[in-house]
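Two complexes, one shared chain (chain A), two partners (chain B, chain C).
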Partner chain A sequence: MLVIVASLLQPFSSAWQHLFDTVLQDYITNSLLLMAGVGAGTLILGVSAAWLTAMCEFPGRKILSWAFLLPMAMPAYIIAYTYTGILDFSGPIQTALREAYGWQFGDYYFPEIRSLGGAICMLSLVLYPYVYMLVRVAFLEQSTAVLEASRSLGKKPWQTLFLVALPMARPAIVAGVSLALMETLADYGTVAYFGVSSFTTGIFRTWYGLGELTTAAQLCAFLMLFVFALIMAERWSRQRLRFHHHSAQKKMARLQLNGWRSMLAMSIGSLIVFLGFVLPAAQLSIWASTGWQEKLNAEFLRLLFNSFSLAAIAAVCCLLVAVFLAYTKRVFASRIELGAVAVASLGYAVPGTVIAVGVLIPVAWLDNQIDFLSTTWFDYPTGLLISGTIGLLVFAYLVRFLSVALNTVDSGLTAIKPSIDESARSLGATPSRVLRRIHLPILRTSLLTALLLVFVEVLKELPTTLILRPFNFNTLAVRTYELASDERLMDAALPALAIVIIGLLPVLLITKSILNEPFSNE
Partner chain B sequence: MNKQLILDQVTVQYNALAAVSDATFSLAEGEIGCLLGPSGCGKTTLLRAIAGFEPLTSGTISLHGEHISTTKRTQAPEDRAVGMVFQDFALFPHLNVRDNIAFGLNKLSSSEKTQRIVEMLDLVSLVSVAERFPHELSGGQQQRVALARALAPSPQILLLDEPFSNLDAELRTQLAAEIRTLLKKNKVTALLVTHDQDEAFAMADKIALLNAGKIVQIDTPYKLYHKPGSLFAADFIGKGTVINVGIDAAGLLGNNLGSLSINALPEDLGNTVKLLVRPDDIAYDETSDTKLAIVSKSFLGPNYLYELALKDGQRVPCLTHSHIDIPVGNELPVRFDLRHVVIFNPD
Partner chain C sequence: MAIRTLFFSALLMLIAPMYSVAADEVNVYSARQESLIKPLLDRFTEQTGAKVNLVTGKGDALLTRLKSEGMNSPADVLLTVDAGRLYRAQEANVLQAVESDDLNRLIPSHLRSADNQWYGLSVRARVMVFAKDRVEANQLSTYEALAESQWKGKICVRSSSNIYNQSLVAGMIASQGMLQTEAWLKEFVANFARPPAGGDRDQIKAVASGQCDVAVVNSYYLGGMLLSDDQAQQTVANQVALFWPNQKDRGTHINISGAGITQSAKNIELAQQLIAFLASDESQEWYAERNNEFPVREPVKVSAVLESWGPFVADKLNVSELGRNNAAAIMAMDRAGWK
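After this line comes the complex of A and B, so read on.
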């Protein structure tokens, strides 16, 4: 982070001038358009999904309430290349159209999926669950009495939705859309594949194409301005949420939908899930299953091994640091410590590209210094010791995903009130016994959850791995991206499918908690 | 006087379980009623049925001469002229005080609206906080906003669901009296739901006592306290103990309790009766020969409340001045004052 900010102090190079003259405006315009589009898309999809499942009653509502989460398992770059395969000129849909009507190339208009609009659709389809989850809970927690008060003051149910329920859910909506937009800014795979010039692709291009490290870092700093605005929006809305919190006193009487309304609700809901998960997952399975014997070779197994071991190491490291930080925070709740914890938890909001660049620049400098010193003193060139090692990659993951682990561990730990520690101590337990007999059993689920979440995130992470991986070291995500970029969609399907299946694990976890929540009991 | 609200044999069922059955009750224009009863007795269900949130299984509810709920038709809550103050006030958190009050005023022109809001703010003395948001107000202020919001559209009836339960105990009776004055001054017909008899006594002209989904008694607060119609009412209202006592034809009670005036007795009397003994029915009298063992006592500030044992072991309460301080285990000389005692036949 500091490195990125410090890069602004360095003189802007001629490459910067070049960027400014040519593509910087494109980056800004495209990134803004992308954010506006994805913001609107996730808002509409997420809020409608939340409203249907939380406030209405229709056949299939229960299934939809967890099925709406499925697209979370689908990384944006994977859904992007799957839809390209489906909708491209040579894809099944256009081919079928041509055959049915005898058209030739250029005879008809078909929307180009590899465009800004396409990127917006893809990202909205997989990112709306952030909005859905938060808004759904907001709807469920809204006091029934407030909605009834609106009715008894003369407002119809739909007026109540727009005048009371939606405004009250506004903080949750803002928080959800901010999260979705952070993911949008962090996205590299989709925009790169679709050839949309945004900040992340720009950073890559400056880095690899122009070899301008400083300029890339300066671009990162500009990207961080956007991210920072989103963080502020998210924090602000969370504070507002506190005032808006009302616990439901009794089960909400859901609006009963009948006849064509319930059909409409069912079809809209199923369509969202179909487009966001079922269709791309089915297409991937078909691609992956054709000639799977050849694809399931030693190379694929090595990919699996690389990805899994990398993710496991990163997850364990994250967990250890998170537990250390969470306990430090619990024992010494001083301002400095809280500040450190808050900074550490910022990581997730920072795009992987930025983290990679931020980590690589100082390490490269350090490597060069060591090499220089050892060459001059011992006449032995060490080469690059740290750059391009697994260790550095794990460190970058740690920076990026620590907050995921920390939030989970922290929320588990706050469930253990200090009075529990005190009562155990007063019953004669030593601190280590308190840790073993009380904290570990209570925290076990949180710890496992944290481990799982980081594991899956690392497995899906593309840009950080792409920049920092050791030479010739491939993971599922990187290989998927490479194969897809080379238009070898069929070959990319197997690693992609593996990522999606593993990505389903945390979705199942959330699903379980949704099914267990008291509100959904009938 | 015109009947403003009429409940006629109202039954509300949830899943074949009757929450309220056969409730008949009415309020005249400007009258303040109360549904009183222990939790789970169906009083809130009845209130919600009047507001239009619960459909009826049988019976009718009419407001100002119009059927608003029947078995066949439940007029939507937004279409009936009913104002409601909710237990947790249910203020809209995203609107300030002014906009909360304005929420129900969509039928008025904007100048009429402004005028009505000012009237309402004035009525509940909240002019100074009109621009604040609900979370910036105290509990008492929130309650007055809820009241003003419900009254702003001039409803035919105001419903109050446990309106004081979220407030400090000291505030409750004071606020109840204040609200009563306000409602009376503005001739508002109102119906209150509570489990707290002090609130009911402070607010209501007329109380319907509910038990297990049925209205067991409808009376003024005074009569409900002094002439409870059933053991349940006797037990629920005020402090007191019901004891079984033998009685002879002349009205002489067992346990040395003295005698009852024969005229006050029901005709079909057996040889035992149940007596409701209130703490003020037994008085301390140092000249009395009747001495009862003290089982326990509690200090109430100005008074002591003693629990005494009769000869046969039944317990009765006795209220004395607090300077009469006799240790537990000793005896207290008392005199029975049975003029107001309530008599029930044993069942």
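After this line comes the complex of A and C, so read on.
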């Protein structure tokens, strides 16, 4: 992180003048529009999904409550490729339309999928589960008493939603949407494929094309400053607010939807899942169905194993660090700590390749220094100890995905009133007993959620893995990307499908436990 | 117990470096993706018994890794898929010159660096693809002519972020000068049928479906579609035809994939052997067969698809120039509004 910020100290090269004169304005406008669009999209999709499954009862609710998570397993650039395949001018839908009506190019209007709007749709479809997950937990953990009070005062359910439930869920909503937005800023694959010149594509263009690594790092530093300002503004705006709940938990009766309302809930829910998961997964399966027998060999199993174990290790590491940071912040809530926590969460908004380089350069430097000292003092060259190992890769994931885990754990922890700790302590419980007997059971959902999020993220993660991995070490994401970037979508479909399927395993396992026991307070 | 075992094996996995510096091993950083290089490396292992370790990635990322690892880098060979990156590696001082009569004999001088720091291994041509039913081949001539007003709203090409478009313009700057190139760019961009998006195959599809009449793409994408398992892709590819631009003047623009030996190489001799192997008849035929790329030299048997496109005159410009003019090309494209 420091490497990137330090780049600001270096002189600004003439490339800046060029960027400023030509494309910078485009980058900024497009990125802001993209953020606004994806922010609104994930907010609407995520909150409605959470409200329907947490607060209402209708046929199919149970299935939908885990099905809503499915799009999370779908990497954004993969969904972009599949939708382009389907909706493009030369895709099946438009071709069928033309054949049916005898139209030619230009005779009719059809929305162009490869556009800013298309990118917003794609990203919203795969990123809304972040909002859904966190907000759903928040809704479930909300004090039933407050909601019932609102209802008994004659407020309609939807008024309760806007006046009580949503404001109370604000930390979770903000956490979810900011995760989605950071992911949006870091996204390269989708916007690059759709030809949207965003800030991120600009960073890479400056680096790869102009060969200006410093200018690229400076662009990146500005991106981080911007995100930092956003985070700080948000924290400041809810500084005085507290979101603890007071009443003992009991399950609140869900609002029973009948007739057309339940039909509507069902169709909205299924439509979201259909667009975000079923349709692209079906397209992938069709592509993968050609010649999968020969592609499904021992080497492919090796890929599965690598991806799975790497994601599992990284998820556990991230969770441990996140819990540590969240508690540090809770116990010593000084401004400096708050700042440090905010800084640690910046990594998520930075494109993976940039993180990778930010990790690579200092670590390689350290390695070379150790080697130098060891050679001069003991006449024993150590070579590169850390560079090019899995350890470095895990460290980079930590930098990149810490904020995912941290945001989740943090918003869970915010819901535990400090006075609970204080009473427990005053009754003679040791801190560790408080942790085990009170916090862990309450936090269980948040912890599992954090674990799941990081796991799926690492599984899909591409740029960091690509540059930092050791020799002869491949993952499913790397394989998918290589084939897709060569525009061999048919061949890329099988590993892509495997990512989706492995991503589903923890989604199913963990959601089962989240869903069955939304709250287990002792 | 199980958890403890798991924990220790995980720890071991974390700290154990995955490579070693054995005498009969050679380590490769490759921007050429695995499926387009691993089979050749396996073949090399079969023939020589030397193990080849491979990391693939984007050219600039690998270059950064190489630079920061410095003299301790495990890499012996850097493989890239365009001349620009090789040029950049040369400028960054991470490659070393190799005196090899073998390589100099195998690879023509305009496809390698003047001081033998890197060598081209396969040729990629940027060609025109046109709609058979709407365009006659004799309407087409040069890249320059695509700026004429008859092509208004009829041209598809991908984003200027793509390295092959950058190289095309860099090559034009080298041969025509900046002034003329900029003037051409303005007219050319004004002829686009739509804002650039998607990859080269998408441009070919757009031509087939009538969205535009002519696209500028790398020839191997058309080859890939012609030989695709997917019936739909074959159908699309058969609706278009390939045209070799600039046959009467400087020749069709080409780029290379190529390799150089790193400064930090521990096993120079083996690395040299590997590069020579990649330039051998056997490997050259494989590039043609597997990815429809052209061999770096005559006479190598090419695949049926390449054969069907006939012989062509390739630009003889030294490919180093593409790297040298890359940044200038991007700036010119930015100014012309090529997204």
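To be clear about the criterion, the second predicted complex is superposed on the first by the 308 of 522 C-alpha atoms of A that agree within 3 Å, B and C clash if a C-alpha of one lies under 4 Å from a C-alpha of the other, contacts with A are read in each partner's own complex, and residues count from 1 in each chain.
Rule of thumb we're sticking to: contacts are C-beta pairs under 8 Å (C-beta built on N, C-alpha and C of every residue); 3 or more make two chains touch, one makes a residue touch a chain.
Since the model is a prediction, treat every value here as computed from it, not as a measurement.
Chemist: Touch check for A:490: first (chain B), second (chain C), both, or neither?
Modeler: After superposing on A, A:490 lies in contact with chain C but is clear of chain B.
Chemist: Just chain B (first), just chain C (second), both, or neither: which does A:153 touch?
Modeler: A:153 sits against chain B, while chain C stays out of touch.
Chemist: Between chain B (first) and chain C (second), which does A:394 come into contact with in this model arrangement: first, second, both, or neither?
Modeler: After superposing on A, A:394 lies in contact with chain C but is clear of chain B.
Chemist: Tell me which partner A:357 touches in the superposition: chain B (first), chain C (second), both or neither.
Modeler: In the superposition, A:357 contacts chain C only.
Chemist: Which partner reaches more residues of chain A, chain B or chain C?
Modeler: For chain A, the partner with the higher number of touched residues is C.
Chemist: Where does A:208 make contact in the superposed view: on chain B (first), on chain C (second), on both, or on neither?
Modeler: So A:208 only meets chain C here.
Chemist: Which partner does A:88 contact after superposing on A: first (chain B), second (chain C), both, neither?
Modeler: second
Chemist: Which partner does A:274 reach: the first (chain B), the second (chain C), both, or neither?
Modeler: neither
Chemist: Would you check which partner chain A:327 touches, where first means chain B only, second means chain C only, and both and neither mean what they say?
Modeler: So A:327 meets neither chain B nor chain C here.
Chemist: Can you list the residues on chain C that touch chain A in the complex?
Modeler: 10, 13-19, 21, 27, 33-36, 53-62, 64-65, 68-74, 88, 158-159, 161, 163, 166, 194-202, 205-206, 208-211, 221, 224, 228-230, 236, 326-327, 330-331, 334-335, 339
Chemist: What residues of chain A sit close enough to touch chain C in their complex?
Modeler: 18, 21-23, 84, 88-90, 94-95, 104-105, 112, 114-115, 192-195, 197, 201, 204-205, 207-213, 287, 290-291, 309, 313, 353, 356-357, 360-361, 364-365, 367-368, 371, 383-385, 387-391, 394, 463, 466-474, 478-479, 482-483, 485-488, 490-491
Chemist: Please give the residue numbers of chain A that touch chain B in the complex, ascending.
Modeler: 143, 145-146, 148-156, 163-164, 167-168, 170, 243-244, 246, 249, 253
Chemist: What part of chain B is in contact with chain A in the complex they form?
Modeler: 51-53, 76-79, 82-84, 86-88, 90-95, 103-104, 106-107, 133-135, 149-150, 153
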